[in-house]
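Here's the structure, in structure tokens; my notes come after.
Labels A, B, C, D and E are assigned to the chains in the order they are written; within every chain, residues are numbered from 1.
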Amino acid sequence: MNRVGIADTTFARYDMAGSAIKEFKKWASVKIERYTVPGVKDLPVAAKKLLDERGCDIVMALGMPGPEAIDKQCAHEASLGLILAQLMTNKHVLEVFVHEDEAETDGELAELADMRTREHVLNAIKLLFEPKKLIKEAGMGEREGYKDAGPIRL
Amino acid sequence: MNRVGIADTTFARYDMAGSAIKEFKKWASVKIERYTVPGVKDLPVAAKKLLDERGCDIVMALGMPGPEAIDKQCAHEASLGLILAQLMTNKHVLEVFVHEDEAETDGELAELADMRTREHVLNAIKLLFEPKKLIKEAGMGEREGYKDAGPIRL
Amino acid sequence: MNRVGIADTTFARYDMAGSAIKEFKKWASVKIERYTVPGVKDLPVAAKKLLDERGCDIVMALGMPGPEAIDKQCAHEASLGLILAQLMTNKHVLEVFVHEDEAETDGELAELADMRTREHVLNAIKLLFEPKKLIKEAGMGEREGYKDAGPIRL
Amino acid sequence: MNRVGIADTTFARYDMAGSAIKEFKKWASVKIERYTVPGVKDLPVAAKKLLDERGCDIVMALGMPGPEAIDKQCAHEASLGLILAQLMTNKHVLEVFVHEDEAETDGELAELADMRTREHVLNAIKLLFEPKKLIKEAGMGEREGYKDAGPIRL
Amino acid sequence: MNRVGIADTTFARYDMAGSAIKEFKKWASVKIERYTVPGVKDLPVAAKKLLDERGCDIVMALGMPGPEAIDKQCAHEASLGLILAQLMTNKHVLEVFVHEDEAETDGELAELADMRTREHVLNAIKLLFEPKKLIKEAGMGEREGYKDAGPIRL
């Protein structure tokens, strides 16, 4: 059975891992390894440990950066670390970040976090089991958590 | 037969890989390995996997970053990852990014994406088969997808 | 007995390591290895040496960047180095940075530095001994040194 | 005989490699390996391949970034890659970048590109053959392509 | 006898290495290996070569970035490279950068460069021989080249 790592944070204001786990259970039979860390800058090593030490085939890195400039910088640093973790392991780490200033109310923020996480779970499942489905969706202007932008043509 | 990796995204609004494959077929006899991922930040590991695990000699990384500041930052992070993937493998990964705000209409954007991709396919072919042709074009002010800036002289 | 590395700086205006050591003694029986360096940019290698050469299982990297643009840039560079040190060792390095401009008076700054350090000590202890407790706090909007933002729900 | 790698681009509007080769021939007996790539972001792997696969002792990485913000970012990414290539090989890669907006006319730009390249060739020769000469010039405020700023004293 | 590497540049307008060497001679018996390169972006590999190939136990990387935005970016890139060089070798590289716009006159700039370099030499000596002294200075708000900010307390 495939192993999926889910790394999330205590900083986030929404339980994104909860959404992820529910969505995985709907669609796939996988073993889930969960790893919670304080903030997004702790996610890269958590993801790498899930891949190296807990046998995961793929990891979802869930975070909710705050609205300030320093939060944006933390998210940037975390993103670079997540890319590096992937290059060191040759495995995918799907970054699912929801910025607190992407929504106007707490309710909308929770909804966005839930939706984006769930849509990226579908991406993870396709990467693991059905990569050809992704090829069919290539260039389709997909947007996780938002309405798709859609494809354009010549 | 040489193997060319084409990594692209479901986020992009134009099927850049389609353009790339058509252009390759026109000019070269290569085996194409295609790998579609959700967004540009997933491209570095996709490129590395194409090089390490699927035997590609070169990769084209095709992406279409959105117009917002966060999109620009994602593209920056992806670019750094693509450079690192190359340094870890000693193989070329040609980044072909078309920013959504580079064009005013969807039609122009599609045209730009098609053109830039096709012109970079020619670069890939030269890197693989005719590196001396690139030396002849050195310093000529070439611009993929736009009119060339042209050379200047003393 | 677990070994905890504490890396701190002479640049900081508050003895954050003092707070950390006191807090560790309250809650855990660990051997503490302390390593003081001049500034935050010296922390990444200090952390890595604590992990590689002095047998630490986890490191806390304590720093207090100044208020100028150049200080912010130093902190950014240090943060990237700390993430890299973790990816190279597969161990956690908890970054505890307090920016001088986060408080209006010296007293408030000292209090913030003390509180944030102590709250991150609790994170370190959980990462070492009780990772399941962190899972329970996932998505709770925790803020080290500040009032928690709290969770939001659908 | 020492081997010098020269990596340049088709994006540049001036044949900087031509200037470099002429200047090398004036002053040193070296074997030159030339490698032309599309743009500055392709230079890091080109430099690394010259060092790793074509036996170069040093590389000059010649590029001419455009005037837009995106060009500046590409140059930044390329610079980071060039530094990394050096750290992975323990060999020097002299970056010679001329930004298109450093000059007001095409003629001045060509002149600057020619001069900066030639002055860096002298640096490369000193790094290879006469490192002590560089020590004598330390702290002298040298500027490649511009008038030297000159030394200051207590 | 310990070996100290001193990497400096011809770009700098003050002979910072001269100050460093004088200060080392006053306080410690070390063998000094000097390595001059053109600019700050050449310092990371110079530092790494001093550590890997010339047996240095520690390196001081001395530079004087210019006042323009591009100079700031070069310094940023160099700093990241210096941090990486340390992580690859598990040895300290003390960055001593003096920005040209930190002083109003050439005389003040020279004085600042001299002072900051000398104070960092004392840091290097403590890192090498008396790390416990640094622990005593932790959190004291030390500033190399400027008046110390001093410690704050609860």
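Some observations on this one:
Just so it is clear, contacts are C-beta pairs under 8 Å (C-beta built on N, C-alpha and C of every residue); 3 or more make two chains touch, one makes a residue touch a chain.
All figures in this text were calculated on a predicted structure; none of them were measured in a lab.
Annotation, subunit B versus subunit C: rotation angle of 145 degrees from the Cα superposition, expressed as a multiple of 5. Once the centre of each chain is set as its mean CA position, subunit A and subunit C turn out to be 25 Å apart.
Centroid to centroid, with C-alpha atoms defining each point, subunit B and subunit E lie 40 Å apart. Residues of subunit A in contact with two or more other chains: 80, 84.
Traversing the ring of chains that begins at subunit C and proceeds first to subunit E, the chains occur in the order C, E, D, B, A.
On subunit D, the positions that touch subunit B within their shared complex are 8-18, 34-38, 41-42, 44-45, 48-49, 52-53, 64, 66, 70, 73-74, 77-78, 80-81, 84-85, 88, 106-107, 109-111, 114. The touching residues of subunit D, counted against subunit E in their complex, run 72, 76, 79-80, 82-84, 86-87, 90-95, 99, 120, 123, 127, 131, 134-135, 137-144, 149-154.
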